[in-house]
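Chain lettering (A, B, C and D) follows the sequence in which the chains are written, and residue indices restart at 1 in each chain.
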Amino acid sequence: MAGSSFGKIITLTTFGESHGEAIGGILDGFPGNFPIDISAVQQQLDRRKPGQSKITTQRKEEDQLEILSGIFEGKTTGAPIAFIIKNKDARSKDYSHLETAFRPSHADFTYHRKYGHYDYRGGGRSSARETAVRVAAGAFCQQFLSSKGIEISAFVDQVGIIRTYTVSSDQAEIDISPVRCPDPEAAKKMQSLIEDTKKKGDTVGGAIKCIITGIPAGLGEPVFDKLSAALAQAVFSINAVKGFEIGSGFGSVEMNGSVHNDLFNTDGTTKTNNSGGIQGGISNGMPVVFRTAFKPVATLLQKQPSINKSGEEILLEGKGRHDPCVVPRAVPIVEGMAALVIADFYLQWKAYQ
Amino acid sequence: MAGSSFGKIITLTTFGESHGEAIGGILDGFPGNFPIDISAVQQQLDRRKPGQSKITTQRKEEDQLEILSGIFEGKTTGAPIAFIIKNKDARSKDYSHLETAFRPSHADFTYHRKYGHYDYRGGGRSSARETAVRVAAGAFCQQFLSSKGIEISAFVDQVGIIRTYTVSSDQAEIDISPVRCPDPEAAKKMQSLIEDTKKKGDTVGGAIKCIITGIPAGLGEPVFDKLSAALAQAVFSINAVKGFEIGSGFGSVEMNGSVHNDLFNTDGTTKTNNSGGIQGGISNGMPVVFRTAFKPVATLLQKQPSINKSGEEILLEGKGRHDPCVVPRAVPIVEGMAALVIADFYLQWKAYQ
Amino acid sequence: MAGSSFGKIITLTTFGESHGEAIGGILDGFPGNFPIDISAVQQQLDRRKPGQSKITTQRKEEDQLEILSGIFEGKTTGAPIAFIIKNKDARSKDYSHLETAFRPSHADFTYHRKYGHYDYRGGGRSSARETAVRVAAGAFCQQFLSSKGIEISAFVDQVGIIRTYTVSSDQAEIDISPVRCPDPEAAKKMQSLIEDTKKKGDTVGGAIKCIITGIPAGLGEPVFDKLSAALAQAVFSINAVKGFEIGSGFGSVEMNGSVHNDLFNTDGTTKTNNSGGIQGGISNGMPVVFRTAFKPVATLLQKQPSINKSGEEILLEGKGRHDPCVVPRAVPIVEGMAALVIADFYLQWKAYQ
Amino acid sequence: MAGSSFGKIITLTTFGESHGEAIGGILDGFPGNFPIDISAVQQQLDRRKPGQSKITTQRKEEDQLEILSGIFEGKTTGAPIAFIIKNKDARSKDYSHLETAFRPSHADFTYHRKYGHYDYRGGGRSSARETAVRVAAGAFCQQFLSSKGIEISAFVDQVGIIRTYTVSSDQAEIDISPVRCPDPEAAKKMQSLIEDTKKKGDTVGGAIKCIITGIPAGLGEPVFDKLSAALAQAVFSINAVKGFEIGSGFGSVEMNGSVHNDLFNTDGTTKTNNSGGIQGGISNGMPVVFRTAFKPVATLLQKQPSINKSGEEILLEGKGRHDPCVVPRAVPIVEGMAALVIADFYLQWKAYQ
């Protein structure tokens, strides 16, 4: 399996299966001589970890970050930063029934076809647990970007049919509700929808919005490495993502150019931001705003017909402990992937300054 | 400007400005000893070229493909295939007024900030003319993929508020209308909407759907190089794209898992295709289906307030000849980018067979 | 620090400092469903580890391999294979005197200029200890290549002025002497030269020859990714390497074409192998043969004048435990890097078969 | 055929066969807003072109550079710089006899095995003519590096058994002799050796030394992307190269550390430069010095036994016009590849300043 590395100047390479020894990553190309706050990295991991509230899975994973290299006397050395998160509370037996079964809309079938042999326990390499590594690496990048005045903040924009038009980049405000929606009204509705859905043994989809402020004009490369294209790939590499839009997004389809165009102020800022902070693939200095669709979790706590490796019909019953809706825990993952992209493009931009 | 290369095993590197000597590209890693039908490549270029109908720009560009290397006695040699398309009918004077002006929602401002010095004529490097190179390279890949039973077909799914639910992968059926929508009823409405919009000197957005059939299960790499993520980047690198979704896309946000999951038939196919042919980032053998949002063209044939390089307010009047809606001509571009991705992943997959 | 990844389809990403928590790597893109013999990997590590004989450093490092992912029930899964080697017996105090000193012909000075802040203990990231990770990853690749009939074998060809013209690809024969030279006579002389040099607190250079058999014709890409160029980069990325030559190498400078040309047998093999198995950057099916020069170890167990970070003259005395000559332990490192290259090119080649 | 791209931030992608329409390249990532002297680029091309003197082939190629993009009003725009060199005076008939023959120590056999179908005329893609593209791209980079105080200069160090110990970085001094050796005595001997060799219808090898001055300390990445490793790959990607060494090179094998170590002056420079300006893979501010071995040209103007595609023995007679020794014309090629590497690493370094 290739494709476990991401980035051009700052690269993250990840490893690990849900029920193996550990998951982890190597963050290479991170600037040296930079003072790192490990507790802040751990805090982002804690925002992603299971068992935070009754609307998330009750799996108790500590997700304790262990640094193996690249940091000396509290500062980065410029050497690759390697870190691992040991797997604990791995009830493999919960998954023994999956040795031969294909779960609908999971990766069991495609892994079987691609690799023949794979670690089926808890999804193995295809488990969303892998995203913890992205959160940790992204948190390192967020600290670097903050030192340059660039802040990245995501929140839950929609759960099922309940959406909000409130926008926030204040983490305290966002985290006040376990749903991570900054609109208290909507948050309450989302929470009860998730709880009801869980009671039915069902799951529901959601959407996350991300806002990046302080980006200087000039980040992103025209043609194939547009900043928008890099963000699209980064976010689409997160499990369960089905859609991605920037600025006006799909709404732009129904608009006229006379309404959609972002008119300039004399200082070069724009009166509107339908462009979502990116024009011709290059940041224009306005906030970068994008939105992502997450499908409902595929693992249901109800009976589902499926097939096994022999192509026989079977009846599956969801076991293990799973989220009824991924978006509350996906917020730091989206932030992490965005941070990896922006930090990488920031350094690419610096090379020409 | 970096970022003019795309792909891992099969790579396309492009060059050229709208009003320079020529545009072109180098397609490297294309399989050798493969008989190429150049006229079929030219035909795809003709589907993109301006002046095809009264709903597209009246610029007359011949977009004549010239092969410089990589093909010998009618077959590819495995050497890089280089080709150019000379720029003709380049009325630079149409653009002289842009030497100092920033057009709203164009790349003028970001290029100015990033490069200081750039070819402003007709958008220079940021012009959509660059996409002709992608169409040509994609057409080479489409021929290779066809020889493996993989077919890629895109069509216009929506213009403004008019959309269709008709699906087609038959090019003749799609091209019967200049709008490239396979639903005759919708096509007629789309066409008149575009014509009315043009009369007003305005523009309108649109959406394109793409269907890829015959992909074997197993294409795509887990984690960062998911097939879905690669397609997202590829399509988002096309000018004017604001959104991308696969399978159920943004619709999945409002769905429950019990409805969204694709149940298996005993042969491994699925009864529904909300996954859009990709599970865990890997193709599952079902058709890959994605949809893309294009914003309304930024160049309006009406007066617009803007600013110049000195930050003074100016009044812009759209000159030159422009499309009121890009989607009819964007169809082969979407096909081309999809073909580059699938061909590249096909060879990556072959390496492990 | 970027540049910790190597390879295109099979990639190795490494991390770790000499006196940090651990060193390790992620081997991504390794074929799945392949039965791995971990003990054979450990055996290659043991060939590199210090303290093997009295002609190598007396540091006792166990270099115990720990697999964290990618192997399930004794076979690779296709997922990234992550492994670590914990650092033990790290007498950091041996190096405290280096906090401010620059050792001649070491990386202290360049790291100081490049990173400002770095882990100086035992060379930190620049320590040859990092190469253990390459040996482990290379050993995985050697097992894969063996299954395809490709064998890689290196041996000591020269130490100081003592060289051999004996060639061998039999590991037992090579390892019979601690010098790893298959010529018993030369080996004895090399060993006493190393011992004498050590007594003087001095060090001496050496050369390693590597022979790769069973490579099919067709590996390697013309132009920039010639197989010869990839091997040159791979081997030159090993600490202390000063020279690399393929086939006739520097000897070809003094030859005439009429003597140098490799004439064909009717089966396509050649009567001579001055090409070293590579023509036009592509393997021709003959054994690939290359030779590498290693400079004498820079750390001397005698007094040397040097400077410190303040640019003041100091007198350095080599501490710690060091090799008087690196080549005996470098043999598996050269094999490892060659294996990473050949395995990567083998899969690139397979993509087009 | 992949592998036609080189570099990470500044990338060169090349195309073209010896007797096709044209050869050329795309130089992407070159800094924008930089005033370019095209005539100086053409001058480097003229240093490589055939027919310069009676010791080089009499083929008359004009090697006229045509710029297609990336330069506007005399300055680079940051967009990819595309250029072509049309093929003229292509006497294909000279090569018709090669349609089925394999020339000893040429790439005919390996291309046949790898691609099945290829352009055999004059070596097609494997022809050294491809290197003209590297010279042009390198000349662009040399202008950029000069503006940073970095100068690259190569010269002929050895032809056959005749070598020089004279060192020069003054192009006028180097070019005063057609051999491009700055030592007039040696140059005269080399010239007559080449002429005598030519008379016999034979060829002879040679070596080129390259000196790079003004490089700041800190260029190069530890581990795999050492500056030395990148130069090794770059130079080994040139046709006919059999060996590469940096600083003391293969001579270091016979040296003791007490002699080899480069002792520091208090300003951080070193009293000797056995390191060749690179320590731990990173430039130390001293001149970078490397030496390259070129084998004798494989095409002989005398009869040679060989085989054809059917494996039958044939008698080959060298036709076409060829160099008896490549090094005089290879000087600008070596400079070009070195310039591509240094410019790329310079920008990578800038990203962290």
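The rule we apply is simple: a contact is a pair of C-beta atoms (placed from the backbone, for glycine too) under 8 Å apart; a residue touches a chain by one contact, two chains touch by 3 or more.
Quantities reported herein were computed from a predicted structural model and do not represent experimental measurements.
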### Query
Compared with chain D, which chain's mean CA position is the farthest off?
A
### Task
Consider the two chain pairs B-C and B-D; indicate the one with the greater count of contacting C-beta pairs.
B-D
### Summary
Rounded to the nearest Å, the gap between Cα centres of chain B and chain D is 39
### Task
Please compute the C-alpha centroid of chain C, do the same for chain D, then give the distance between them in whole Å.
27
### Task
Would you mind pulling out the distance in Å between where the CA atoms of chain B average out and where those of chain C do?
46
### Task
Return the residues of chain A touching two or more other chains; collapse runs of consecutive numbers into ranges.
1-5, 9, 14, 32, 78-79, 114, 125, 222, 348
### Query
Touching chain B in the complex: which residues of chain A?
1-6, 14, 102, 104-107, 109-111, 113-114, 125-126, 130, 158-161, 197, 202-207, 217-218, 220-226, 228-237, 239, 241-250, 252-258, 260-268, 270, 274-276, 279-285, 293-300, 302, 304-307, 311-313, 348
### Query
Touching chain A in the complex: which residues of chain D?
8-9, 31-32, 78-79, 222, 347-348, 350-353
#### Entry: Touching residues (chain side chain A, partner chain C) in the complex
1-5, 9-11, 13-17, 20-24, 26, 28-29, 32-33, 66-70, 72-73, 75-82, 84, 114-119, 124-125
